[in-house]
Every structure is written in structure tokens, then in C-alpha cells.
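The following blocks contain the structures, represented as C-alpha cells.
Two complexes follow with chain A in common, the first pairing it with chain B and the second with chain C.
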Partner chain A sequence: MEIVTVYGLNLLYTVATLGLIVLGLAVVFGLLGVMNMAHGEFVMLGAYSALIVQNQGLPILLAIPLALLVCGLFGWLVEWLMIRHLYSRPFDTLLATWGLAILMRKAIEGLFGRGYQSIDQTVPGTVHLLGVDYPAYRIVLFGVIAVLFAVLFGWYQRSNTGARIKAMVSNLELAAAVGIDTVLLARMTFVFGVCTAGLAGVLLAPLVRIEPFMGLDYLLSSFFILVVGGLGSLEGLLIGSGIIGGTDIVVSAISDKTAGYLSVLTISILFLWLKPDGIFSRR
Partner chain B sequence: MNRREFVKTSLLGAALAGVAVAPLRTAIAAEPLKVGVLIPLSGPAGLFGPSSQNCAMLAAKEINANGGVLGRQIELQFADVGGPPADATRAALKLWKGEKTEAFIGMHDSAVRGALTNLFKGQVPYIYTPVYEGGECSTGTYVLGETPNQQLEPVIPWMASEKGADKWYLIGNDYNWPRDTNAAAKGYISSSGGSVVGEEYLPFTADNFDSNLAKIKDTGANAVLITLVGGASVGFNRAFASFGLSAGALRLGTLIEENTLMGIGAENSANLYSSAGYFGNIESPAAKAFADAYKAEFGADAALLNALGESCYEGVKLLKALADKTGSLDAAAMDAAADGVSYDGPRGKATMSARHVSRDIFLAEANGNQFKVIKTFENVGAGNNCG
Partner chain C sequence: MLRTALFLPVVLLAVPFVWDFFVAYELGLYLLYGIVGQGLVICWGRAGFLPLGQALFFGTGAYLSGYILTSFEASWIAVGLLLVIAGLVPALIAGLVGAMVFNRQIGSGPYFSLITLALAMLGFQLANSADQITGGFNGMTGIPGLPGVDSYEGLYFVILAALAVSTLIVTYVLKAPFGQLLAAVAQNEERLQFFGFRTGTLKALAFAISAALAGFAGALYAPHQGIVTPQAVGFLLSAELVIWTAVGGRNKVLGPVFGAVFIGFLAAGLRDIFRFWEVVVAIVFVVVVLRFPEGLSGLILAGGRRIALGFSDRARPVRDIELAAVRQESEAALRYDGIGVKIGAVTILDGLSLDISGGGIHCIIGPNGAGKTSAFNALTGKLPVAEGTIAWQGETITGERAYRVAARGIGRKFQVPSVFPELSVGQNIDIALWANRMSHAEMFSMRSYRWRSALLAHLEKLFPFLGRPNIRAGDLSLGQRQMLEFALSNLPEPALLLLDEPCAGLSAIETSEMIEAIADLSRTYNRMLVIIEHDMQVVEKLSDHVIVLHQGRLLANGSLAEIKQNTEVQAVYAGGAK
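Right, the complex of A and B next:
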């Protein structure tokens, strides 16, 4: 019984963290059509922001504003210099952002070195929950991610900005014609996407390995989720995270890790082949 | 997704292939001795490139200051072998036939070693330095690294008697080094009165260890033998500690060196042990002198000293010892003279027999993000590798 509870909590953790990581990628790809290959590197920027704050001996919560500032400014610059010239050229953005990803990895390698870094647990230890000992920080993370998604969902449904974004996505020319500043809106959407990646980096930093190549992990799993879940909806994103994360966990538990990874790949290939728009398609 | 991954890896490869051969010039007249040093400067093991390079350079500098090898000054030629074996073969061939390199020292994975022994075919001395799975017996090849035999034969019984480790869980990445290490471990575990309660191999891509940790907890293991490498080891050990498992089970790694421990972090390193032929802070005079010289040469901020990097220093030392005894660099003559060659390095005295060296093995316990050697096992043999 205990082991079932642990697997249940692990599943929840996997879905929550995958959802958090893929959120920004889904926003940028789903709304702007930009396949951001440097998405994982923005997660890395978030993690290294936490490292800077820790090394300076500052309160770790300052890592959140620092990461948002770093990712926001850098994201703004990237959109202005590179992305805005490439809208509606998906393959070009793919190559350009892949180049950007290499540049970001090398820059971090130059600044911090190739070696592994470590961020202390903000909330160390375990708590007794539902009859099992579970890492306390993960429990905190559940709450933070749930609140974040709830706020975001409500805001996107109700706010004026949300309505403008929807207008821009469904008909760019018409939106511009009725006076929506689509250039600014697109830029802010991109900046928002990479900022959520940075935030994910800060939140996950105490749990994961930190080194210049860490972003590659997140890119791959994010793509699997987008393939399965489909683009442009929060529901699809969570369902995709559930299917990918759930398959991995369940198959790994029954068999082993290799079988888990293999089944994730198989599902992704089947979706690309038979249902290329994913479960929740806007089209 | 396959196509994207293909794009990803091929672009990565193209970007990293730029780092190729970086010859190092030691300005000296009369025919310097060109020694090829094959180390990963790119790829996953690229982390160990800088310390390996430093250590090889330090050894060459010290030997050159004392008259060189057979009266010739060593000129190191570095090549990146962090990529696939075919690329490594090409880089080695370029040095061997193009630059007339007379001896090779390699710190890289076993796949590359297999390709290189096939290329060299015993025609040029080749010293392989890192920890590995054992069993290399090719002509002209000399192995310095710790074998599973050396790392585990004395350590597992010690863990059983001193720490009560009798229910072992074996976890590693899915390739030959972890599998061969665990095969050796099983013998030592059963002869020390323990049992193996679980055995798992993970793909290199694994970054979530939740299901493994649940299984470890479920089996009631009180010792975990870790043969995960690099980032996987970091991620596993962090998660292991965050689940509060470190109080109930000790962890023993055979490739947890200083960089990996940095990534695991001080608060996740309780009850973590590592078995190796070298640690950066061994207390012996020879090791201290080496660490001081390293610091003096490369500064306090230089790449952390670790067993893999330091093995390149040992490699240059062994080359000199082999050449001195043989009186030449002729591969066949050296092969005939190799048995019994010995030298003193930072690890202590190493003596060659059957292409391997017997040497001291250190068991260290993590203390925060530093290792502290708690037990030295003297002159441990490499086991039967040519059988």
C-alpha cells in the first residue's frame, strides 16, 4: 500500500514539474509558432540565477526576481534581435534558436566552468504524508505549481491581454487592424514564455543536477509532451505531461527504466504518425 | 522526434568537432619525444579534460626538468577523443603517422580504447589510464586504472564487517563498465556473507530516479553500490538523500570523484563512500607534494584534482619508467621488459604485472563536499585480466 502511495505522489510530482517546464515552450510554440530550441537553456539560466544568489549568501527567494529579470531582459533582446525577423518561418527559428542554445551553454561554461554545481534544499528533510515519508520541498513545489497554473488559467481566460493574445493568434491582420499592438504583444508573449522557463529553473534547482548541458534534458521531454498533448491549450499540456510522465513511471515501476524510456519514445512516435496534432488540437 | 534528435546531436557534434588537436611546444633542440595524450575535451566526459591536460603537462614539465626520457625532452600533443571511436581513431592516426608520435597516453572510454588497440596493434606503446572494467590484454597496451577487482575486493568485506552492509542494491548506467563491476561485486558480496537484493541498469538519458528509489526502499537494502556516471550519479544521489534514504543505507561508488561530489552537494552526501586509487586530498607526502605542485603551477582556481585527471600524470610517469627500463621506445622491446616495472607517483608505489599495476586503494567517506580517506588497502592486485 505504501509503495502505491509513493508512486502516486511521484506521478503527481512528475506531471507537475513537466507541466511547469513545458509551459513556456507551449506558449511560445502554440501562440507564436516559434519552436524555441533554447528553451532548456532558459531553464538553465534560472538554475544558475539561484546559484548566484546562493553564492552571494543572499536569501534564496531573491533567486526568483533575479531569474525573471535575467530571462526577461535576455528574452527581450533575443526576440528583438532574432525571433521577430523569423515569425512564420518555423524551420529557420528552429535553427536560429538551436544556435542560441549552443551560445548560451558556452557562455555559462565560460562563466561558471564545466563542473557540476549544487543548490541547497530550501526546505530540507521529509514530511510524513499519507503514511509515507516524502521530500518536504516537493510538497511545497506541488502547492506553488498548482497556484501558478490556477492564476495563469484565470488570467488568460478573463483579462484583456488574454483576449488580445487570442485575437492575435486567430487573425494577426485583423487584430492589428483593430488597434492591437501585435508587435509588442508577440514580444511580451515570448518574454513571458522564457520567464516561466527561468522560474522552472529556480524551482527545480535544489532537486536536479546543475551544469551547462542540463537544458538538453528538458528540451527533449518537453517536445514529447507537446507532441502528445497538442499545442495551444493548458489542458493538452497537463494531459501530455500526465501521459508521458505516467507512462515512464508506471512502466519503470513494473519493468525497468530502459523499458520506461522506450515506451515514452514509442508513444511519441505513434502520436507523430497517427495523431500529429496531439490530443487537444486547436485546428 | 527522431529527426529532431538527429538534428540536435549532429549540430552538437559539428559545433564540438572544432576543438581538435592542440600541440604543445616545449622549446628544445635535439629531437623531442612526441607523446600523444588522448583525452576528452568535448562530449559528456569533457568535464575531465582540463584536469587531465594540467596533470599531463605537470608530469612532462617535471620529467623534462630532470633530463627528460632517455635524454630527450617530452613534447606533449593533445587530441580530443570525447567523440565516437571513429573520430578518436582518426585523431590518433593523424598524430601517429602524421606527427610521428612515438607513444600514446589515453584517458577515455573503453569503446575508444577498443578502437585504438585495433589501430595500434602493438606497434606503438599505449598507456590507458582511467578506472575501467578490466580484461584488457592487448600487446603494447599498459593499463594504469583501477579494475573492479581492486576497487571492491578489499572494500566490500570491510563494509560488511565495519558498517554491517549485507543487503546490497546494485545500480548503474547500462553499459559494460557497470555490468562488469557488478559481476565482480556479486562474488565479493556473497563471500562476505551478504546478498544482492536488487540490480538495475539505467539509460544515460535517465534524469528521474523516483521509481528506482521506491524499489530500493521496498527491498530494505542497507547498502547501494553505485556505478552511475557523471550527471546520472549526481541526480540519483541528490534524490536519494532528499527521500531521507541516506540514514538507512550507505552508498558506495566506484566512480564518484571530486566533481561529482560537488554536484551531489554537501547536504546530500551523508553516508556516501567512494573507492578509488586516488583522491585530491590524500595525506601521504607524495600526494601532498603533487597537489602543492599542481596548485603552484595552475593556481588555486584550476580544475579540481580527481582520480581521472591525475591518472594522466601517472601515465606520463609510467611511460618514463617503461622507457628507462627498456632503454628505448621500441614497442616490442618494451613489451618484453614491462613486467616488474615500477614507479612512485602521487598514488604511492605502482608495480606492473600482466599489463596492469598493483597499487594502494583508498576508501573515502564524503564529509560535506570533500572526501576524507578513512582506510587505505595496500598493494591491491588488479586481478586476472589476461585469462
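Right, the complex of A and C next:
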């Protein structure tokens, strides 16, 4: 029974963290049509921000504003230099952001070296929950992400900006013609996407190995989730996270990490083959 | 071009003697990477989709080769076997993955690229963990050279031979009709499906060929290095392969070879001196993507000018192989039975029932939003049908995919002319002639360029500009593109041809030319033509059978005179509510 509870909590925690990571990728791909191959590298930037804050001996909470600042500024620059020229050439955004991903990995490798680094657990210890002892930080993380999702979802549903983004997505020219600054809006959407990735990086930093190549796994698992869950709905993303995260956890526990990875990759290929719009297709 | 063809082999052969064997040894490695890049020329440069995990196939070939060389007695039979297996296994993997992923994906979306990247990651993990077979993290070591060939000196010449073979294969694949079809896939994949080509299979085959080349290069990598580590399958090498190909030029057969050699030697010199060297390479890659899609070889060939991406037409062979006319088995009969189509909450077709039979011209009219084009889309697999059945020649074809419907002899011309803009008029005509006629073997036969048909001669008389085949289709005027697409949709000689406002955007003179052509062809060949038309004058000139749609249903069906008398039709067109 206890093992089931632990697995249940693990699944909830996985869905939450994967959901946060995939959110930015889905927003940027779904709204702007840009598959940001450097998405995982922004997660990495967030994690390195936490590392810098710790190495400077500053309070760890400062990592959050630092990561948002770094990812926000860099994301702004990338959109301005690169992405905005390519909105009509989606295939080239794939290539250009792939180049960007290589650039970011190599720059971080040059600055910090290739080795694994780690940061100390910020909320150590365990909490007794539902009859099991569970790491406290994971529970904090779950709470933070749940609140964040609720706020974002409510804001997008109600705010004017949400309405403007919807207008821009459904008809770019018309939105521009009625006075919406679509250039700025697209840029802010991109910056928002990479900032959520950076935030995810900070939140995950105490739990993972920090290294220049860490981003790739996040890109691929986010992509698998998009394939399974489909674009265009929050439920899809969360259920996709559940399927991908759950399969990975269960198969990895039974066999090993490689088998877990093989199984989620197989699921994704099967979805592309048989159900290319995902579970919740808009069609 | 001819000068390069003579000059390059001489230079490459001279390298070990002019410099030394160490340079040649290094060069050999870069040339192997160049062979892998040549596969990317087919997939990326020509067909427009990008595999991001090509090292998987390279590494698979290398491991297979290493395994065979260490396990079996060195003999040339073993080497021959090794080259075949090292090419075949990656090709099968790639073909299978490609067939699945491309099955329902149109275009060059990111999904395929990410799947291939994920496969390379998987390959890396498998190579690392399966240490019984691969030697794990430390790699498969002590791989002997090819029998009688010194790995340090002699193998270089074997690699040159391999490069020559690979260059010939890629050149041939690109020149053959298959290569022209891949260019058409990159430009307008959907149109190609409406010509009856299963484009997913074409792309999967292109991907399989590129994987075979990668495996083939990997087979020589194993004896060249004497060791194969998981790095050979990983995503890092995959990423570098893409960079070399982009920088060298993805549209030229030798572009990636040039890119790999150029960046390879620069990297060997600069990697240890300058820590951010690879950042510079990444920046160069991004700049090439943004500004110079032809890469360095394109820049040099253009003398610094930017040249358009595209697929140039060579001197056309004379069309001297006459095709037999397509015979019609039975009287054409099309039947819609209670067809319902919805997009989201909007009902597009609301129980449309309709019978059309016999040759000749049938016109569909109706106000905007009546569901005319949607009726075509539902038939040709472009829109999912929610309810009802569509039957063609008595067989139910509801929900069949575009290429299947086209293969049944149902052709289609779109409202906005849909051609292959970067191909010449002659190449567009090739593809239409090949549609529904070409076997897989003929995709690789140069004879297919010589096909002609009586209908083509007829069309050239009606539209004289078709006789000048070297014009780029994208450079034609809108009117000419309408006429070109009309001609293309006729060339497969479909039993049923759907024309969606063929005169849209035409001048008065062009309109009368088009009407004349439609009427002329209809008299000569007894096919079923269904035409959507707004212009009643056009309808009057073309047909006596008129079908009126309104709000996704059939409103009236009869002769033009009957329709004119119909009070319901009058009410709809006078603007009154029904």
C-alpha cells in the first residue's frame, strides 16, 4: 500500500514539474508556431542561475528573480535578433533555435565547464503524508506549481492580454489592423515561454544534476507530452504529462532508465502514426 | 562543373603525397562525415525535412562493422557482407520510423526532426548500457582493419572510392524522377497527394537512403578509428553533421563534404586554443540559416551573390515515349448520401445527398458558404466526414485519404492555383504525367522524363505557353498558373475531374480561353467534369446540368432552364430567406 502511495505522489509531482516545463514550449509553439529547440536550454539557464546564487552565498530565493531576468533579457534578445524574422518560415525557426541551443550549451560549457554540479536542498527533510514519509521539497514544489497554473489560467481566461493573444493567434493581420501591437505581443509571448522554462530550471535545480547538456532531456520529454496531449488545451498537457511521466516512472522502476526512455519514445511514435493530433485534438 | 569533376579527385588523390599521411588520415574521417552529410542533401536539401539524429545510423553501421570485423576471419567476402548489412540495417530502421511518422504528417513540421533526435538519444543510451555487445562507455576496441588494407595509409584510398560511389548514388537519386518528386514534396506536398502519390512513403524512402549512406560511412569508420564509442551514435555528432551540411551547402552533393572538411580542419586547429570556438561555429550556423541557406558552396558558386533556393532545370530530354490513353472502365457515377461535415461547432455540410452520373459537364452553384468547395473536400479526403457515405462507381470511398481517392481516378483543380512554384513548367508537366501511371521502378528511370501523351499535345495547342517548358512555374502570371494547374489536373486523365472556379482571377479574354478549353476537352474526351462556378454566364456556356447547394444541402438539381424557374433558387439568389 505504501509503495502505491509513494508512486502516486511521485506521479503527481512528475505531472506538476513536467507540466511547468511543457507549458512554455506549448505556448510558444501553439501560439506563435515556433518550435523552440532551445527550450530545454532555458531550463538549464534557470538551473545555472540557482547555482550562481548559491555560489555567491546569497539567499536562494534570489535565484527566481535572477533566472527570470536572465531568461527574460536573453529571450527578448533572441526574439529580436532571430525569431521575429522567421515567423513566416516555421522550418527555419526549428533550425535557428537548434543553432541557438548548441550556442547556449557551448557557451555554458565554456563558462562553467562540462562537469556535473549540484545545489543544496533548500527545503530538506521529509513530511509525513498519507502514511508515508515524502520529501518536503517535492511537496512545496507541487504546491507552488499548482498555484502558478491556477493564476495563469485564470489570468489568460479573463485579462485583456489573453483576449489580445487569442485575437493575434486567430488572425494576425486583422489583430494588427484593429490596433493590437502584435509585434510586441508576439515578443512577450516568446519571453513568457522562456521565462517559465527558466523558472522550472530554478525549481528543479536542487533535485537534478546541473550540466550544460541537461536541457535536451527536458526538450524531448516536453515534446513527447505535446505529441501525446495535443496542442491547444491545458487538460491535454496535464494528461500528456501524466502518460509520459507515468510510463517513464513505472517502466524505469520495473526495468531501467533506458527501457523507460524507449517506452515513451515508442508511445510518441505510435501517436504520430495513429493519432497525430494527440488525445485532445481540436479537430 | 566538369572542371570540378576532374580537379577534385586529382587533389584528393594527391593529398597523402603532397602533405603527409597524417593529414590524409584526418581528411579521411571528415570525408566519411561528408558522406553522411550527403544523405542530408537528399532529405533536407531536396525533400525539405530535417533528420536531427543521423549519427544513430552512422554509429549503427560502425558498431555492426566493428562486430563483424572482430568476430569473423578477415576476408573480402566478410567486407562485402559488412557493407551490405551496415547499409541495410539503418535503412530498415529509418524506413520503418519514417513510414510511421510521415504517414499522417504533412510538410516539414518539427515532429519528425524531434523524433529522430530522440532516436539518437536512445541509441546513445543503448550503446552505453549494452556493454556486453558494444563495450559500453569505453567503446568497442581493437577493431582490425580491412583485410590487406593498412588503416592508417591505405584506407584513405578506400574512403575516396566510397565517397565517389556515394556521390554518384546521391547525384543519380537527385536527378532521377524520384529526386524531382522529392522537390515537389518540399514545395507542395498536398498537391502531390492529389496527384495520387503517397508522399509519406516517398519521404520514408528518402530517409532510408540517407540512413543507408550513413551506415555505409560508419562501416568504414570502425576500421579507420579502430574503436567505436557511444559518441558515434550520439546527438552531438548528429548536431555537428547538420552544421557541416548547412555551412557547406545543403543543396549541393559535395556541399556537406566541403563543410565537414572545412570546419573539421579549422576545429582541429582552433579547438584547444580558443575555448568558445564551438560557440562561434553555432553563431555561423545560425547566420547561415538566417541569411545564406545555400551555405558556403552556394556563396562561392554565386560569386558572393545570394541565389534563390531551388532546383534548377537541366536540358530537358525530348519527350518521345508515347503513353497510351487512360481507358475508362465504366460509366462515371458519383453519389453523396446524407453527408455531414462539421468544423468545430460549425456545420459545413448538413446531410448533403446528390447523384451525378454520366460524362460531360455538371455545374455546382450556390451562394458563398453553401458548401460547394467543402463538398469537393469531403470527397477528396481533405475534410473528415462526420456522417453519411460517398460512393464512386458503386464503391464506398468515404473518408479515404487524398492519395487513395486520386488513385481511383478522381482529379482536382483548386480555386487558388496550386502548382509546384520552384519547378519549371516542364517539370510540373512531368509530375502530372507520372501521376497514377508511375511504378516505383520508373521513379528511378531517366526514361520517365521522355513520357508524352496525346492529351499533352492537345493541351499545348490550347495553352501555347506549355510549349516553353523552362519557365519557373512561380514566375507565371496568375492566369497562366490557373491554366497550368488546369492542364496538370487533366494530364493524369482522371475519370472524374473536379474544377473549383477555374476562371477565378482571370481576365475576360483568359476566361473565354479557359471556357473554350474546358468545352473542347469535354467534347474530345468523354469524362465526368464537375465544376464549381459563380459566374452564371460561364455556367450557361458550359453546361445544361446545374446543381444548386444552399446551407450545406442540395437545393435544386436539373437543367439550367428548370433551375431558372425554381422559386426556391430565385429566393436564395434574390437575397430572401428560404
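Worth pointing out:
The rule we apply is simple: the second predicted complex is superposed on the first by the 270 of 283 C-alpha atoms of A that agree within 3 Å, B and C clash if a C-alpha of one lies under 4 Å from a C-alpha of the other, contacts with A are read in each partner's own complex, and residues count from 1 in each chain.
Everything that follows uses one rule, which is that a contact is a pair of C-beta atoms (placed from the backbone, for glycine too) under 8 Å apart; a residue touches a chain by one contact, two chains touch by 3 or more.
Source: prediction; values computed, not measured.
Annotation for the three-chain superposition on chain A: chain B and chain C clash. By the document's definition of touching, both partners, chain B and chain C, reach A:L272. In the superposition on chain A, contact of A:G125 is made with chain B only, not with chain C. Using the contact criterion defined above for the overlaid structures, shared-chain residue A:T258 touches chain B and also reaches chain C. Contact with both chain B and chain C is seen for A:F223 once the two complexes are overlaid on the shared chain. For chain A, the partner with contacts to more residues, out of chain B and chain C, is B. By the touch criterion defined above, A:I102 reaches both chain B and chain C. By the touch criterion defined above, A:I210 lies against chain B but remains apart from chain C after alignment on the C-alpha atoms of chain A. Using the contact criterion defined above for the overlaid structures, shared-chain residue A:R114 touches chain B, although it does not reach chain C.
Annotation: chain A residues 37, 94, 98, 102, 216-217, 219-220, 223-224, 227, 256-258, 261, 265, 268-269, 272 touch chain B in one complex and chain C in the other.
Of all residues in chain C, only 48, 50, 52, 97, 100-101, 103-105, 108-111, 113-115, 117-119, 121-122, 125-126, 129, 235, 239, 242-243, 246, 275-276, 278-279, 281-283, 285-286, 289-290, 343-344, 384 touch chain A in the complex they form. Per the touch definition, chain A reaches chain B in the complex via residues 3, 6-7, 10, 13-14, 37, 94, 98, 102, 113-121, 124-126, 133-135, 137-138, 207-211, 213-214, 216-217, 219-220, 223-224, 227, 248-249, 252-253, 256-258, 260-261, 265, 268-269, 272.
Per the touch definition, chain B reaches chain A in the complex via residues 1-2, 4-5, 7-8, 11-12, 15, 44, 46-47, 49-50, 174, 200-203, 205-208, 210-212, 214-215, 217-218, 231, 234-235, 238-239, 242-244, 259-260, 262-268, 303-304, 369. By the touch rule above, chain A contacts chain C in their complex via residues 29, 35, 37, 82, 85-86, 90-92, 94-96, 98-100, 102-103, 106-107, 109-110, 216-217, 219-220, 223-224, 227, 256-258, 261-262, 265, 268-270, 272-273, 276, 282-283.
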